[in-house]
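Chain lettering (A, B, C and D) follows the sequence in which the chains are written, and residue indices restart at 1 in each chain.
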Amino acid sequence: MSTTGAVWSANAVTPTPRELAERFQAVRRFTHLICEPLAVEDFVIQSMPDVSPAKWHLAHTSWFFERFILAPHASGYREHHPQYNYLFNSYYNTVGPQHCRVQRGILARPTVSEVYDYRFAVDEAMTRLIERADRTVFAAIAPLVELGLHHEQQHQELLVTDIKHIFSSNPLLPAYHKGRDEPKGATPPPMSWIGFDEGVRGIGRNADEGFCFDNETPRHRVFINAFEIASRPATNRDYLAFMEDGGYRAPQHWLSAGWATIQEQGWTQPIYWYRDPDRGDRWMQFTLAGPRPLALDEPVCHLSYFEADAYARWAGARLPTEAEWETAAADQPLRGNLAESQRFHPAPAPGADPANPLEQAYGDVWEWTSSQYSPYPGYKPLPGALGEYNGKFMCNQFVLRGGSCATPVPHMRLTYRNFFAPDARWQFTGLRLARDL
Amino acid sequence: MSTTGAVWSANAVTPTPRELAERFQAVRRFTHLICEPLAVEDFVIQSMPDVSPAKWHLAHTSWFFERFILAPHASGYREHHPQYNYLFNSYYNTVGPQHCRVQRGILARPTVSEVYDYRFAVDEAMTRLIERADRTVFAAIAPLVELGLHHEQQHQELLVTDIKHIFSSNPLLPAYHKGRDEPKGATPPPMSWIGFDEGVRGIGRNADEGFCFDNETPRHRVFINAFEIASRPATNRDYLAFMEDGGYRAPQHWLSAGWATIQEQGWTQPIYWYRDPDRGDRWMQFTLAGPRPLALDEPVCHLSYFEADAYARWAGARLPTEAEWETAAADQPLRGNLAESQRFHPAPAPGADPANPLEQAYGDVWEWTSSQYSPYPGYKPLPGALGEYNGKFMCNQFVLRGGSCATPVPHMRLTYRNFFAPDARWQFTGLRLARDL
Amino acid sequence: MSTTGAVWSANAVTPTPRELAERFQAVRRFTHLICEPLAVEDFVIQSMPDVSPAKWHLAHTSWFFERFILAPHASGYREHHPQYNYLFNSYYNTVGPQHCRVQRGILARPTVSEVYDYRFAVDEAMTRLIERADRTVFAAIAPLVELGLHHEQQHQELLVTDIKHIFSSNPLLPAYHKGRDEPKGATPPPMSWIGFDEGVRGIGRNADEGFCFDNETPRHRVFINAFEIASRPATNRDYLAFMEDGGYRAPQHWLSAGWATIQEQGWTQPIYWYRDPDRGDRWMQFTLAGPRPLALDEPVCHLSYFEADAYARWAGARLPTEAEWETAAADQPLRGNLAESQRFHPAPAPGADPANPLEQAYGDVWEWTSSQYSPYPGYKPLPGALGEYNGKFMCNQFVLRGGSCATPVPHMRLTYRNFFAPDARWQFTGLRLARDL
Amino acid sequence: MSTTGAVWSANAVTPTPRELAERFQAVRRFTHLICEPLAVEDFVIQSMPDVSPAKWHLAHTSWFFERFILAPHASGYREHHPQYNYLFNSYYNTVGPQHCRVQRGILARPTVSEVYDYRFAVDEAMTRLIERADRTVFAAIAPLVELGLHHEQQHQELLVTDIKHIFSSNPLLPAYHKGRDEPKGATPPPMSWIGFDEGVRGIGRNADEGFCFDNETPRHRVFINAFEIASRPATNRDYLAFMEDGGYRAPQHWLSAGWATIQEQGWTQPIYWYRDPDRGDRWMQFTLAGPRPLALDEPVCHLSYFEADAYARWAGARLPTEAEWETAAADQPLRGNLAESQRFHPAPAPGADPANPLEQAYGDVWEWTSSQYSPYPGYKPLPGALGEYNGKFMCNQFVLRGGSCATPVPHMRLTYRNFFAPDARWQFTGLRLARDL
């Protein structure tokens, strides 16, 4: 495992043990904050195969620290429970067999309280290890702790999206946090196009430029044709126009697999939209604050790749490639509607900042790109079990960029490559148009 | 609804309002007693489509009283929650649409505590209604209360068997009630055969002989050939001999559908049996007290019809028809290892009582009969929605007789017809051999 | 195998070898007659799992003679092809493994011509064996030949119904035999009821009364309550009234499994009915002579048990038990619209014969009874592999009586028990009402 | 439709009508040649959903000419049959609804003979149209005829691979062309590596460079890192080493979706390999000449992408990108073991040609690349229905390059992009290794 250090070790600023321990505790606490509004029963549910119960997220992220840091590096450490390695291993085949993913929702035990005990025991052992590590051990574990915290932050976002799906699947339509009103604002200015010249560009990140996942490495050159990209993501208003133009009934807009999917699944609108017969068939959307009328100026959200791609074709444009997206966003400041606000809902574009015309590059909604998820030239997965983290999913997935309203700020980067199957739509996923010049 | 009274009204002894209210409370309390050992998380799980979450049982049985008694008979009654009629209706199509059965396990809400509130509100309203009813109302509701309590008792048994399945599906193999040791006893005497002559027999029950379900009516004549029946149910020892003789690998013992089932499901032993590699491959069984070594003298339990039938054929015998079973058990006293002991596990035959040679006729294990579940000649389902209680299931099910260790005594009768699909095996189901004379 | 003789050997009149050989050839020839209108391509298709390709029927029936008669009894016989025992064994597990049933339609080879070669080779060997057998061998094989011929006749009916399904599944709606017009006749007289007294009746057949399948034995006594039965099967006119009264939308008429089936399958009429928008939405039916307008006076046909049962309940009646049917038909002459006419389509009731008021007891449509398919008291399956012929299917099937327009006359008997799963509807299946007195 | 001409019209040499008519007839005849060894029954079978019956291929390719050329351009043309547009449209949604793909194998009619009638009628009408067209019409149809012929050639390859799958699915393992022996030759020289420098390269083809599919356009620049590529495809000997090293049991070699696939499907070797217990468990392969012992020097064939990718990872290398493949093959002559030999089986590498060190670039086996199938920058699908030909499949597919032993020579090009789902393995698909420099 020690060689894994090489991938992240040269952070511009190496933290001290105390700094790292504090960061560890802060990230772990935010997970608890997300779970605070939940009833015990809410922690147990798996509403579809892609969703995991909240208590599974709590345990799995703890297992990650236990398995990859405490077990190999904390001398004398005894695993918390002999079967947790089986129950809470997600997909690391080289570490051992796993409990069947689609059956995570039939496990009443360990109870929520036992899972929190597990978390606290891991927290305590981790804090002790970080604070008391000698120089050699610290050098070995610091990059793993960094990885474990980014892993935890990924699951923070999944907790939010999984909870939203679980609540939406209940006919009672309960609210996770009631009373969070949507911000009122002026109607955003119309979308405009921002142009970029052709040329060879540098894309991705090298391991010595600070933490990143292995799939973002190495930085490499690509040739890009001239293109334009939209100043903001498509809105609910934009998408409604597509729907009202018969978008879901016109095969010519759709990929073949997308057309098959909407036929089989009976999709006629984004996942959390519905018409309310008691309000004159008004369009409603389910949010973590409960159901409310569709806000037309918000970025359209919870689209599958198929829907984003069909919309773009209908609009006479296309989705950007990930290299185009990264080129366009290269100079944008990393700020926006991200997880820290705890609104967990996309907001209308705030209005253009002349210095940064690419609005909402970060936060609000993940933006589908037209790039299928593939290794960068020269890509090497991490050695050992952690090599299963990213590389083995490079098949039948599309890349998304820019983070969402459920992504923690310190987890985000220009080069971040998120990826989902083209029919996934329970994440906060939207789109931004592009076109050739 | 009033005419339904006619079916049960002529109980030998009509209870007073107070007696009925006390019986109501006692039966409802026993449901809570069953749930006492559960953690909140345990109430939420649906481990397979046939299983319902414990909190669903708690709510559905309350809904039954609310929907069929309080709503039509308690003047001014307001339903507890506008959506519970949708969520907790099991299969009464004439009452309205229902939440999808296989998705009972994705509902976190209402919480366990809210479900108990529902129960207590129904209990209070029911008690008030029973105690304050005038003569006419009491005459109308008394038989419905009786039906509702038997319905509750059916769900008490399902609670026990569903909890057992839920706990067994968890790799942690938790115990519902630890430390319940199996009773030690002398080895029971060998099985013997009890003979009966051919002739016309009366089977079933008339509505004026005290409470029964509509499927037990009317009493009618059948012609039965001479037959013999075993003095006790087959034991684990008996069944192991079948397994060790290659029973699960020999198609000639099996119904065609049974052979297909064991191939597809990979069945090679009863559902809760497994070998423990840490104990020299000893046969173990999962029980509500946790895993323990297989006790050879106990009645074999948790068999599907397919397995019971194959065993009987291998043993050179057959299963009895339900008419034979009822003929053989006609004079047996209603006593045995039933739910009141709260052991919830079958026990070895206690040893023959010369006056009652048919051992364990009641309790321990439901006994599969060779009779497919069909209407008795002259059968009339209850009018209205309650007619959906039994009759509409008379297809692709087999009849079981005699009750089990999870059946409450006051719920049991000589003429009781339980029924399950031939591949069901999560109930306490075993068998007793029969043969032609 | 010799003991199997005991079951059929005591035919009232034992045939001579020549008689048996002639009967053998005649029955085999009729199979070829049925296949005459087929194109080579038609022989290959399996339009759904229950259907077998015509060439499979041709080969399987030949295999039956080869495997059960030629192999054990024709000295020096060499099997026609080493893999046909695998390819054309239907379900005799004790004889060996079988080609997967649902994949019968992916076998181009053996070709139709090779299959006919197989048939002719078996025919020749069988004829030689029958004609040259000494007394001992003849005594051993004669009952097996008899069984093989009845087996062939069963497959003659399946050939007709499978071909009908195959042709109906093709959007071109080809005709098997064009130009067979439906007979015109006077409107049949209204249905009337025929009553029978309660009492103990003899049902079934003993092995020494002439050929029958093992499932019809032994003759035994049953007690029957007084009942009435309809003078003729229900007609298309009758069934249309049920449909027009919303029969397929009213759950109270249906068994629970039936209601689930019609929801899942989207059934809203019998399988071969459809409305023709080019003829003012007139009701049409697909027949072996191609599509034609629905004839209202014909017996309703191609109903599943679920539909027959729902219709009966809607009509305020019920289906007869098989014992009632056999009681009612006991004195009827064995004649009617059976396979010999080669019309292969049910005809309107011809009008009452005062001596035989139970019209169309034989032929036209198989009549669903309310009896689930179970062993008769004292039933013993044939020994050896032939014991798999019937007994292992006694589960989740319902009994039908009386034969259809595709059943050969010499194959039919009063006691004949046909059986199908309750959702099967590609056979010529209808119903006759009954009710309690 | 006229604008489509722009895509192909500028062929270096425009054919005369007579030349085009002759080419049309020659290509159509080769289809018949492929079908010559088939029995009528062989034309009907669909052995899995991806496979189409041979007669469907014959009809669909004719429909393509009828629908896209005869109907719009042959004045007074009457369609051959009113329902063929429904039956033989493959996936052109904008042209109308289609018969369900997975049910192509339940259609006995039209018969093979009727399908040939259809072909001949289309051939005649096409020949007449081509020969008699005036200048304007010829300019409009010539590029469409070219497209139709390439379409026919694609189906020629599918005919071969579908027939192979159909024959292999039959337990009789029939041969399509018996007695085609594999060529004996010297053992090929060991694989070597060929290096290429980094730089911007031109990839793809412009419409004015001669016929190509729209997905190969436009020619565009890509930046490629320095790389090496193997001198020949991996062989059966190479792949056996992977298998014998436990390749199918070691999750670290596999994509996550690949590992799931081999578990679910139980794959432990390439699709047509099996061990023959009668030959000491020797490895055999099913070929179009029947089963024969595995030839170790042949290119490994019938691999899914998952298997090709896992093998490459195990071998310490990777698959090339399609840009790398096109760069490496740019100067290779277009020759090799292609369809014209009618061997339809890959052959061992013939031995290096110093002038063309990249052996077997064309023919033998399609080579999986690591590139997911995506649009080239600036890609525009054809207008109208023909735009559905390629673009709508750009999702969850991987690109293959170089053609196979079943690809006609005139159909092949350097820039040709074939594509299949990563679990497809019934095509002649193999791999060539690459690695970073």
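Here, contacts are C-beta pairs under 8 Å (C-beta built on N, C-alpha and C of every residue); 3 or more make two chains touch, one makes a residue touch a chain.
No experiment lies behind these values; they were computed from the predicted model shown.
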| item | value |
| --- | --- |
| Subunit A to subunit D, fewest steps along touching chains | 1 |
| Proportion of interface numbers common to subunit B and subunit C (over half same, under half different) | same |
| Most distant chain from subunit D by Cα centroid | B |
| Centre-of-Cα separation between subunit D and subunit C, whole angstrom | 48 |
| Subunit A and subunit C, separation of their C-alpha mean positions in angstrom | 60 |
| Subunit B-subunit C separation of Cα centroids, rounded to whole Å | 38 |
| Junction residues of subunit D, two or more chains touched | none |
| Contact pairs between chains, per stated definition | A-B, A-D, B-C, C-D |
| Complex contact set, residues of subunit D against subunit A | 91, 93-94, 200, 220-225, 251-252, 254-259, 305, 321, 370-375, 377-378, 387-388, 392-396, 422, 436 |
| Interface residues, subunit B side, partner subunit A - complex | 39-47, 83, 86-87, 99, 103, 105-112, 166-167, 169-172, 174 |
